[in-house]
Amino acid sequence: MAEAHTSIQLVFLARLRERFGVARETLSLDSSEISVASLLARLRSRDPVFADELAEGRAYRVAVNHTVVGGEHSVRAGDEVAIFPPVTGG
Amino acid sequence: MAEAHTSIQLVFLARLRERFGVARETLSLDSSEISVASLLARLRSRDPVFADELAEGRAYRVAVNHTVVGGEHSVRAGDEVAIFPPVTGG
Amino acid sequence: MAAYIRVQTEDFNISEEIAALRARNPRVGAVASFMGCVRDMNEGDSVKLMYLEHYPGMTERELQRISADAASRWNIFDTLIVHRVGELRPLDQIVLVIATSAHRGDAFAACEFMMDYLKTQAPFWKRESTGDGERWVEARASDDIAAKRWQSAEKQTRAQAG
Amino acid sequence: MAAYIRVQTEDFNISEEIAALRARNPRVGAVASFMGCVRDMNEGDSVKLMYLEHYPGMTERELQRISADAASRWNIFDTLIVHRVGELRPLDQIVLVIATSAHRGDAFAACEFMMDYLKTQAPFWKRESTGDGERWVEARASDDIAAKRWQSAEKQTRAQAG
């Protein structure tokens, strides 16, 4: 549980959850904070599926602690970062 | 029933029905047709209550055969002419 | 497309009315509805009883015309207008308007349009009984304004966004 | 003013939901509601099953925010948003939005506003099963347009006419 202080929770939803084959994971941070843009770059470097789905220009949203944010937002240890496609409820 | 060929049906509704003390009456026409404006003038000449309620500038509507019309509309024998206050349903 | 209209003394149930409309058409994806009811207070006075008068014959004609107008302006499937007449009491339901469509924008616009026109064109009149006696409800200028706004082209554009 | 929100697998009954809101407030004169349901056809394909996923935690937060936003813009009493999740079938009800008010203009505007924002902001996703397999429903550009129009001052003026 000590890890929680230097890591974040990643949540993938809907089509992205299916494409990545994971719903939730814990990701260790190299520093105490990281911008959303840097986090996305790190995820894109994982494999071609991540690279494709999270490519710039693709339609997806990032929410930190349940609030949608932009690429400049700073993610801190302990945050929950969700990545999901445009919503289609209602 | 021969009268129907030279007369119209007058219908008063809601507040006007109460004020005039009549819901429906048969009115004989002097000619085969009369403008709504002339008909209203004739009704105003009946008594002070008609004169007041149907004074020009008062808010009321005239419908001939279930369609709202203006003062220039020609009323013909056999028509049903309804006079009523602004509607307040819904 | 069908336009159902009813003028009745009996109460209505909105769920049942929606179910009846949907049973006719499995392509319905959006149901917009409006229900108006008797408030226990109006213009500051406590309303004990309300009497709804209408003009039989013209009422049905106007409600049909309003429904047809809505159907000509928006992509809707069916519409329903139910309006009660006679004696009503505080909290009683008065009027129900429903529009069904494939998409919500059309359903909302048609429903609101029908209500605005019903309020200004359909021959219904309300008489309230309060502690001070009876009085006929006065027409509201804001209702005329609400109905007139549908005459501008802007509303058509707006409805097509949904 | 209260904002009720529910995310549930169970079905709902619109008449009962309206009755529950009205029981809290005898001054309600206007009830605008919207119900969205599963069509048996979408994009030309026959839909056999639909799965509604959401993001627990954020969903409730967004629905509360949307409700509070509506309450800050219009004179409404209470709002209700019910959204179903899990497996749904053709003709099933999906979503219900209700706004109660003293007057219809505010109720209509608040209800439509909540639906437009729910469609574009609340974290729900639909997956359809058709004869050709499963597919996630694509977001519609028209939904973004519908939500954005509330950002213009024009809509405020419009809502105050009713």
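Here the chain labels run A, B, C and D in written order, and each chain numbers its own residues starting at 1.
We take it that contacts are C-beta pairs under 8 Å (C-beta built on N, C-alpha and C of every residue); 3 or more make two chains touch, one makes a residue touch a chain.
Treat the numbers as computed from the prediction; the structure is a model and nothing was measured.
**Student:** Spelling it out: a chain qualifies if it touches chain B and also touches chain C; which chains qualify?
**Tutor:** none
**Student:** List every chain that touches both chain B and chain D.
**Tutor:** Under the touch definition, chain B and chain D have C as mutual neighbours.
**Student:** What is the distance, in whole Å, between the centres of chain A and chain C, each centre taken as the mean of its C-alpha atoms?
**Tutor:** So the centre of chain A lies 48 Å away from the centre of chain C.
**Student:** For chain A versus chain B, what separation do you get between their C-alpha means, in angstrom?
**Tutor:** One centre to the other, that is 74 Å.
**Student:** Report, in whole Å, the distance between the mean C-alpha point of chain C and the mean C-alpha point of chain D.
**Tutor:** 21
**Student:** Let me have the rounded angstrom distance from the C-alpha centre of chain A over to the C-alpha centre of chain D, please.
**Tutor:** Chain centroid spacing, chain A to chain D, equals 27 Å.
**Student:** Identify all positions of chain D at which a residue touches two or more other chains, and write them in rising order.
**Tutor:** Answer for chain D, listing residues that touch two or more other chains: 36, 104, 115, 119.
**Student:** List, in ascending order, every residue of chain B touching at least 2 other chains.
**Tutor:** Residue numbers touching two or more other chains: 90.
**Student:** Using the touch rule from the top, collect the residues of chain C that touch chain D in their complex.
**Tutor:** Touching chain D from chain C are residues 13-16, 18, 22, 26-41, 90-91, 102-105, 107-108, 111-112, 115-116, 119, 142, 145-146, 149, 154, 158, 161-162.
**Student:** For chain A, which residues are in contact with chain D within the complex?
**Tutor:** 11, 13-15, 18, 59, 63, 66-68, 82, 84-90
**Student:** Within the complex, which stretch of chain D touches chain A?
**Tutor:** Interface residues on chain D, with respect to chain A: 36, 52-55, 57-58, 61-62, 83, 94-95, 115, 118-127, 136-139.
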